[in-house]
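Each of the two complexes below includes chain A, the first together with chain B, the second together with chain C.
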Partner chain A sequence: MKYINVIDFSEFPGPRYERIGPNSGEKFRETILLPALRTAPIEEITINLDGTAGYGSSFLEEAFGGLIRRGIDHDTALKICNNLISKEDDSLIEEIRIYINEAAESAKNV
Partner chain B sequence: MKKLSRDKLLQALTIGKKRARRETFRKHTTPSERAKLARRKIRNKSRHGNVDAPAKLDIYSAKNHAIFVSFLDNYRRTVKNNKKTFISFRNSTRITAAAALLLVAETDRLVTAYPNAVIRCSFPPATTEGKYRNYQNIVESVLNQIGFFKLIDQECVSHTKHHSVEIWRQLSGSTADGSLAASLLDSLPEEITKASRQKLYRGAIEAIANSVEHAYPSPRNDGIGTMDSRWWMLVGYDATYLTVIICDLGVGIPSTLPKKHPESFLSLIRTRFSIFDNSDAELIRASTHVKETRSHLSTSTKLPNRGKGGADFRNIAKAFPTATLIVRSNKGAFFLTGEAAKPLKKSSSRRYVDGTNRTESTLNHSNSIRGTLTEWIVPVQDI
Partner chain C sequence: MSEDIIKFLQIAFWIASVILVIITISIHMFGWRVNNKNALNLAIKKDINESIDRTTKALIELEDAACSFWMEKDSKIKSYQIINLHTRLVINLKVLNHLRGKAIPSHEIILLRRHCTMDAESSKRPISAAAQRIRIISKSVNSILDSELMKKSWKD
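Let's turn to the complex of A and B:
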């Protein structure tokens, strides 16, 4: 079982891209999410979103919607949502699911 | 002969001394030398600029907005053209959060652009307020609290601290660093829940990221010619309201929006949300609809997934039903109130957006603030 605590990445999740500011969604995806997806089966990855100062929508979109743009297939990306923990704000899980679906729809229409 | 009082005597002595000094000066100089010295005096005098700050440092009312923004233009020009600038606050008796942040941001930018310029100011007067007509100096308290005197390196001798501005904090940065925004939100009292702080953080980090990413594509058109890509943030809390403001001194949303999005996409937003003109206020309103329009389109076209921030701003009004969101950029202002909030006051220049039950309105001013201010005002009872 692989357990990812976003607060271990940063207490202050930042903007979309690393060039705009530190602890970006892009960095979270590239340094935490994608390596985890390469080393463990998707069903065994749990991501805990609690404990941080909050999330901008750009961070969430780039981190999770960005998985699709980096070649992760739609079903695999959606499985991540099944193992998300967000007791402080459960609407984040639905929001992430929407970003993944939107990114997949966009990718289909290339 | 009538005996002179002490004051009259001193006055007569001073007049006599000045007259003697003038005569000595005339005796020892030629007319051409005197003319040369007079010219030098005029030249030196013109290198000292004076700026009068308005009575109300405020941008909420249209009239005060015009006066305050023209004061800022004058202030910028004076600092640019003079070695020393003196700001007179002798008439200033009222200050609001947005104007205070704008003044600090402009000053911060000017002292960075002109490190040798000297800026000094007079202290605002104390006013009487309340049932017991107690003396208060709210303008000085605010300027002191948010670091204006420190910026211009002038000591604030008075230590008055108005209770309503004790929890006002201001800082600036050049990257979208969430820890900076969070540090200001952490200064709020403990009764503000973590959930509320997270909602405010969400709006703040998006506004800051927007400033860093979009506000400074080219130098600001204000004659200063410097590239200072910073943002400023203010958090204010008193017994009635919590105010969070993010400010940048960039080219403004009305200038960046048409450059960041294709005309076909903007036309679609205009059609969907009944935006009929290209005024600054309507372009700001359009910018808050970028996300939902993009989501609507994502099933049929491939568009980059940028532009989510506008929705985060709007969500604050959903998260806090009595809150007000104000986005000001250049000459325009867009207002969005939560569903439980009182509609904003009617004025001749305010235009309510059709179909929004007076929760959305726009306003165009005559002068540009030359930048963007995103502000949330949340009543304390709603937090």
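Let's turn to the complex of A and C:
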């Protein structure tokens, strides 16, 4: 079982890209999410979103919607949502699901 | 004979006294229970109303900050402040949800976060009051204010 605490990445999740600011969604995806997906089966990855100061939508979109743009297939990306923990704000999980679906839709139209 | 009657009357008096005491205590206990229940209900209603006021304030603060951030050329509001205000709003809504047992309007919470914070660090600003982002922020705020969770009532 691979357990990812976003708070271990940063207490203050940042903007979309690293060039805009620190602790970005891009960095979280590239340094935490993608390596985890390469080393553990998707069903065994649990991501805990609690404990941070809050999320901007750009962080969420880039970290999770960005998985689709980096070649992770739609079903695999959606499976991550099944193992997301967010006791502090349930709506984050639904929002992440929306971004994954929108990114998959955009990828289809390209 | 008369002694027997006196003895009987004494016993009857004592039994009646004991019964009266028991009845009095029972009535008092019942009264206390009703009072306690009413006091608890009133306290919960007061908490709910205060919580609605706090949530309304948090919602309006978020809307004002977001509108200032997106629409004013020299706004002093920073993107992280909007994220903080949104987080505070969610905390307040959760308290209200705990007190009332009614659903949090998640769809509007998502819309608000998205349109208040998406690409806040990199998008072109200021934007017009007629921009879709501003319209959706205002509409989401109104929808949350009008949700069942936020309605003041003496019924529940």
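As a convention for this text, the second predicted complex is superposed on the first by the 110 of 110 C-alpha atoms of A that agree within 3 Å, B and C clash if a C-alpha of one lies under 4 Å from a C-alpha of the other, contacts with A are read in each partner's own complex, and residues count from 1 in each chain.
In this section, a contact is a pair of C-beta atoms (placed from the backbone, for glycine too) under 8 Å apart; a residue touches a chain by one contact, two chains touch by 3 or more.
It should be emphasised that the depicted structure is a prediction, and the values quoted were computed from it without experimental measurement.
After superposition on chain A, the partners chain B and chain C are seen to clash. By the touch criterion defined above, A:G65 reaches chain B but does not reach chain C.
Contacts of A:I20 after superposition on the shared chain: both chain B and chain C are touched. Contacts of A:E44 after superposition on the shared chain: neither chain B nor chain C is touched.
Once the two structures are superposed, chain B and chain C can be ranked by residues of chain A touched, with B on top.
In the superposition on chain A, A:F12 makes contact with both chain B and chain C. Using the contact criterion defined above for the overlaid structures, shared-chain residue A:G54 touches chain B and also reaches chain C. Looking at the shared chain after the overlay, A:D73 reaches neither chain B nor chain C. Once chain A of one complex is fitted onto chain A of the other, the partner contacts of A:E95 are limited to chain C, with no touch recorded for chain B. Only one segment of chain B in 37-45, 109-117 or 307-315 runs into chain C in the superposed model, and that segment is 307-315.
Judged by the document's definition of touching, chain A residues 12, 15-17, 20-21, 53-58, 61, 88-89, 98 lie at the interface with chain B and also at the interface with chain C.
The residues of chain B lying in touch with chain A in their complex are 175-179, 181-182, 185, 194-195, 197-202, 205-206, 208-209, 212-213, 291, 295, 298-303, 305-306, 308-309, 311-312.
For chain A in complex with chain C, the touching residues are 12, 15-17, 20-21, 53-58, 61, 88-91, 94-95, 98. The touching residues of chain C, when paired with chain A in their complex, are 79-80, 82-84, 86-87, 90, 94, 104, 106, 109-110, 113-114, 117-122.
The touching residues of chain A, counted against chain B in their complex, run 10-17, 20-23, 52-59, 61-62, 65-66, 88-89, 98-99, 102-103, 105-107, 109-110.
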